[in-house]
Amino acid sequence: MRTKRLKVLAVSVLLGLLASACAAPPPAAAPAQPAAPAADQTFTVGMVIVGPMNDKGWNEAHVEGTKYVMEKMPNVKFEYVDKVNPGDRPNVKGSQVADELIAKGAKVVIFNSDDFKDDALETAKKHPNIVVIHASGDYAWKEGKNYKNQPNLGNLMSKMEPGWMIAGCASALGSENGKIGTVGPLINEETRRYASAAYLGARYCWENYKKRDPKELQFKITWIGFWFNIPGVTLDPTKVADDFYNGGFDVVMSAIDTPEVAVQGKKAAEAGKAVKYHHYDYKGGCELAPDICLGVHYYNWGPGYLDIIKRAMEGTYTGTWTWAQADWKDLNNPDTSAFGYIKGKALGAENEKFLDQFIKGLGDGSIDLWKGPLNFQDGSVFLKDGEKATDQQIWYLPQLLEGMEGPSK
Amino acid sequence: MKVELRHIHKHFGAVHANNDVSLTVEAGTIHGLLGENGAGKSTLVKILSGFITRDSGEVVLDGRTAHIQSPADALRYGIGMLHQDPLDFPPLTAIENFMAGSLAMRAILNPRAAERTFRALCAQFNFDIDPQARVSDLTVGERQQLEIVRLLANGVGTLILDEPTTGISASQKTLLFEALRKLAGEGKSIIFVSHKLEDVEELCDCVTVMRRGQVVGELDLRADGLRQTEGKWPRDQHFSIAARIVEMMFGKELAMPVKPPTHQDEVILSVEGLVLRSDRLEMRIEHLAVQRGEVIGVAGLEGSGQQLFLMACAGLERPAAGTIRLADRDLTHKPYRDFLQAGVCYVPADRLRDGLISGLTIQEHVALRTSNRRLFINRAAATAEAERAIATFNIRGRPDTLVERLSGGNQQRTQLALMPSPLNVLLMEHPTRGLDIESTLWVWQQLIARCKQGTAIVFASSDLDEIVQYSDRVMVFSGGRVSPPIAASELTADSLGQMIGGRF
Amino acid sequence: MLYRVGAFVISLVLIGLVVVLSGASPITVIGRMLSGAFGTADQIGRVVATLSPLLLCAAGLVYTFNAGLYNLGVEGQITFGAIAATLVLRLLHPEGASASLAPPPLTIALAIVAGGIGGVLWGLLAGALHVYGRISEIFAGLGLNFAATGIAIYLIFGPWKRPGVASLSGTQPFDESLWLGTFGQTEATPVALILGLIALAITIVVMRNTYFGLRLRAVGKNLRASYVLGVPARRQLLSAFFICGLFAGVAGALQVVGVFHRLIPNISSNLGFLGLLVVMLVNFDPRWILPVAFFFSALNIGSLQLPLSLGLESSLSGVIQGLLVLFALIGRGLAQRYGRKLEH
Amino acid sequence: MEFNQLLVILATAIAAATPLVFACIGETITERAGVINLSAEGTVMLCAMVGFVVAKATESVWLGFVGATVIGALIALIVAYGTITLKQSQIAIGFVLALLCSDLSAYLGNPYVRIPGPTVPPAFPIPILQDIPLIGPLFFREGDVLVYAGYVLIAATWVYFYRTRGGLTLRAVGEQPAAAFARGHNVVALRYAYTLIGGALMGIAGAAFSLDFKAGWSYRHTAGYGWIALAIVIFGGWNPLRAALGAYLFGILQSLASVAQSAIPDVPTQAFTVAPFVLMILVLVLTSGDWLDRLLSYLPVSARRSLSRALRTAPPAALGRPFEQD
């Protein structure tokens, strides 16, 4: 009997709570007014972030980009929800988070991962008056394979392939034994073209600057299965990095969102191993272990976001596919370049010269590595002799290239 | 060591398990402690060995008051107890068991030294135990030997043995007795709790008999004289020792049979060449044929195999050999379900463990028993049914009373109420344990009514009066031996006592 | 009573303490979470969308708990149900095909049925290991959870991967014709809610009014005595696993057709574990599941507001749920230990 | 791949299994006393967080370990109080704590995600021992203080279990508490003590992750390892040596998964992640039934004894059951 009374009590408390919640003033439903606010009004942008926002990698680079925007446009405010992935937030979908952000007043919603392509589309359809930006992805690319005619959905992606070539080049220059390992995320078109670009850069510099036989170059990639570690689901990048360092790979490149490669490299170096790493995504990547860092190619999302948000505020944005280019005159210019490159201490003065040469060549077009003859990993022909790859061929790269180790699919 | 227990009292709820019990065991003697189940002897030795704390009274060792609150205390005073089910660690090896809890051991084990001690002690008593054998692979006798050796290595001055001769072989028994005599010879005091008259006669110097929580007599077997505590027993030299003990244990006279004849000619339950085995017992029942309406009483001290036998007849225990037939159906090795369908019902002694389900109400029990192929419980019908049962069986409770809230007697009434009808064979343990006289009479009224309807009843009881009063025939179990059924009218207190003590 | 209320109060105090420790005000947090759960139709819809599978799981767990079993394998049963449902959807609507081989409603129905069957298989596997292999259902269940997730990941990575993409983000979403209909624009699907409520209603009726439920409780409370009283104990235990697997599997199928519209590695979304907490909190009594499950769902949805502007972690909802259940258990223990002494 | 590199990879895999070793040994000790601490998943994770935070705040790695140890023991204290004193289900309490502590770590550890913090000093080889062929490079070259402490722990636990009076008592308490009580042991106090010790070791395991082998703290940093530890304890048959072996094997399996990806792309790498659990069930199936005994009974006594000792991994008989003193 006693327990019964307790339960009655508990439930009435509960119901009371619920009732008071329902009695609360009905919150404003997503106001779907066209976006043309006065300059003094805050303009809210929502950002759906796939991983932790302070990951010293991909996600933090996006957050840096938003800071840039806020600096330039003080009336813009960002709302973030991070760790939006089924491992970290079970039963939460990107589109749900977008709904929340829109309910909070966001006029622009940015999805920061390729994995959100379905969510971005769903959100764009559900909220036709909201500008939805999918960072990476190709749904707004008219010439692409997956064009969806959704005017309020746009794509923004830095054209990082040359960045990867520089990274590959620096790694090859930094490697003594020609064994370069890459800790890769998951296998898709983006990661395939990135890894391949890195390989092309590495091979070029190995052959042309180091004057070594490309056959001596071992370029291996191990995919962990996601952009970052989800315990029990992905391979543990800590382990994968360790295995590279211990397996005789003297340079390990990170292609994932999080800094395990740097952390483990630091440990290995402290234990007396002659190893170096190449970071990715985040500007400050070399600070994790400066002495063994070859360099970092990082995203500079700020200018791209600024442009889109400006246009969204004016109400003139319509979904476009933007493959933002680097500013080859000033690669690290925060206002103009879509990505940047910072050389690491471990590169060495002589190699720096080579790398500068390489960057210059990429910038003026004298070095074009997407040029035949190139074969796919299975030996089939990708580009015939002298043939240049189109944007589509690069974007939708179906396989890794010949000479690379690691699964393509 | 001289052990004196003075004016020990112990209550368990309403039960006065030890009522002003005093007992003196001289150093260098083997002292038998006898009594029926529930007489309070287990409680007494558990108090001495620290398992149970007494309500009042005093333990005096070699003239000094001892403060025993836990087994650890008792061990420190040099009191060791050998439990009926050896309290050891089956997955460990013999030598590990020997070392476990040993006071002599240092923080770092020295198995070699321990093994030397162990072997020396074993040799002393002609025990043959492989130190590396797992205890789970040893026989009950060997486990006992192991315990004795272990306790001795701990330097006990007083050794308590609870029913040590059940489940061990004759040769092991000889070894045990020799060892005990030897220990007594060394000045240790030994308390020997047993049922078996012949063992007591053979071994003990002195016997104390308990009944209903009190000491009812003491007997110095060496002097062959009878010291009386109650003074109502005549000094008659014709009484054998065993007869005197039986008398003290069970009372002088048995009640008269009161059961009307109800048996019919048809044999309902028959058993041929039944062999039953448990960890401790192996027994064989050559032939038994129970007729419809007949009541078979199963006498014997608890743990002599009665439960095993009843459960085998109920289909809850697989016989090692032999057949069980119900009317003309062979039910040997058939699943329990078939026994139920054939109209067999088993009413266990431990009501809340085996018979009723704590947490369910009377009404739910009734529903559980009457459930058939229907899906839904008809609440009203179930309540009505439960109310009828409550009225019929005079249960003090409501349909929604949880069974664990009922008193023992009312739990028993509930068990009876749950018996299906019609019923061919009813197998019961202690039908009236814990019931007052009125209830006992009432219960048997119900049971006899069942007999008249053709139900055969086989029941085990530790109450000899009940056995004689209500049985047509009586079987006696003693340490794995089973007597053939004897007509209740032919039994005398003495013959029954002797049989229970293992003489037949 | 005293102890239970006391324990409840302590858990509330501790929750407050945890919130304060992270530098926030409990009142703000409560307000934010409430408005996050019931602020908009979308949010209420989401609460309902979480509630539906949670009801199914909790209802299923009532059977196993009442049979005296800790079915920690419920997560795996959800996952395997989801896998089975995905299999049927893929068979009936092959990738690249323009239309299903069966009408969409039938396809969805078949997928849900398949989910139930999948859950039953996984549940019975745990049950068989327990009943016949004498393996603790706890460890069998936990192991099978990981095994089911492993299978799901293998399929997502291998045979069922999106064209050209080997990612844990899941399989290719199904055609929209195969999505369960929703209440308006929200994510709550009537079918899921109805199934959840039906499962719960059935469970309440079964536990209260049927012989099956009575026998189940008997087995759970005293296996031996119920066997002696003629209850087929093994069959009863296996039935409990069967039903729990069935409900959990259906929940898994609903996650596929109603929520994610594809198979993802964490398709069970910890709903099984949440269900375990719910049923433990209500002390295995199905009548209280609805309010508690509703409260838990609201917490989970409302907690999404915490990172927004408060900068707190959403896992506060889990902390609240965990503390409530922990102290409910401790309160129960205190009442059993000291409450009786007071009575005497 | 060269043999030496393989050795180094294996050695690092072995070293990286150190936190699991601590967790498995801790859980083994607790379970040997008859208590299942099902909270392992949450304990390890919360302690990883606390260890990191304390180390960061005090700039002392070792204080971090102390903090983690204390928290691990505190969680174990809740388990002990709830299950030993209040006699609630070990499963219920442990399970709730597993979920609760995981969430608590995520909630309270949020400000500390991915910031650099102090770490255990780097690896160093052990003189002399490192030159033993095979054993040296595998065990004594790639380890740091914790790795070697792990070896000491394994050895010490084994010695304690099988060579000391305390260890014998511990095993006794888990097998037959009533008998241990009869022999004068305070079963309740012992169970409390061993539950706390086990919890403390799991706390160290957590800190070993966040201050060494997965340095730093991130959301659900050690997710999965607690459950894996529970599985390995069963796989190891409640024997510290075998449990440690299981932990090392798991580490090697994980490395295999990454090394094997390009070599054998047909085997899904997830197979390696799930392996410990499937193995655990298999071990249980093999050792729980009667059939092993029946099979062994055909063998001669001497062979039977050693074989049964090698194969039989029955759990402590009183595992999971409260001790009722009458």
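As written, the chain order gives the labels A, B, C and D, with residue 1 at the start of each chain.
In the analysis below, a contact is a pair of C-beta atoms (placed from the backbone, for glycine too) under 8 Å apart; a residue touches a chain by one contact, two chains touch by 3 or more.
Please read all numbers here as calculations on a predicted model, not as lab measurements.
S.K.: What are the chains that subunit B and subunit D both touch?
M.R.: C
S.K.: Looking only at C-beta pairs that count as contacts, which pair of chains has more of them, A-D or B-C?
M.R.: So, comparing the two chain pairs, more contacts are at A-D.
S.K.: Compare the CA centroid of subunit C with every other chain's and tell me the farthest one.
M.R.: That would be chain B.
S.K.: Starting from the mean Cα coordinates of subunit A and subunit C, work out the distance between those two points in Å.
M.R.: Chain centres of subunit A and subunit C, defined by C-alpha means, are spaced 34 Å apart.
S.K.: Compute the distance, rounded to whole Å, between the mean C-alpha positions of subunit B and subunit C.
M.R.: Averaging C-alpha atoms per chain gives centres 49 Å apart.
S.K.: Can you give the whole-Å distance between the Cα centres of subunit C and subunit D?
M.R.: Result: the chain centres lie 29 Å from each other.
S.K.: For subunit C, give me the residues that contact two or more of the other chains.
M.R.: 146, 149, 153, 157
S.K.: Give me the residue numbers in subunit D that touch at least two other chains, ranges are fine.
M.R.: Within subunit D, residues 270, 273 contact more than one other chain.
S.K.: Multi-chain contacts only, two chains or more: what residues does subunit B have there?
M.R.: Residues of subunit B touching two or more partner chains: there are none.
S.K.: What chain pairs are in touch here?
M.R.: In this structure, the chains touch in these pairs: A-C, A-D, B-C, B-D, C-D.
S.K.: Provide the residue numbers of subunit B that touch subunit D in the complex, in ascending order.
M.R.: My answer: residues 49, 51-52, 70-72, 74-76, 81, 83, 87-92, 96, 99-103, 105-109, 132-134, 137.
S.K.: Applying the document's contact rule, which stretches of subunit A touch subunit D when the two form their complex?
M.R.: Residues 52, 54-56, 83, 88, 220-225, 230-233, 235-236, 238-240, 242-243, 246-248, 258-259, 263, 267, 270-271, 288, 405-407 of subunit A touch subunit D in their complex.
S.K.: In the complex, go through subunit C and note every residue touching subunit D.
M.R.: Per the stated touch rule, the residues are 18, 21-22, 70, 72, 129, 133-136, 138-140, 142-147, 149-150, 153-154, 157-158, 273, 276-277, 280, 312-313, 315-319, 321-323, 325-326, 329-330, 332-334, 336-337.
S.K.: Could you list, by residue number, the parts of subunit D that touch subunit C in their complex?
M.R.: 38, 78, 81-82, 85-89, 91-93, 95-97, 99-104, 106-108, 110, 227, 230-231, 234, 268, 270-271, 273-274, 277-278, 280-281, 284-285, 288-289, 320
S.K.: List the residues on subunit C that touch subunit B in their complex, please.
M.R.: That would be residues 209-212, 214-215, 217-218, 221-222, 224-232 of subunit C.
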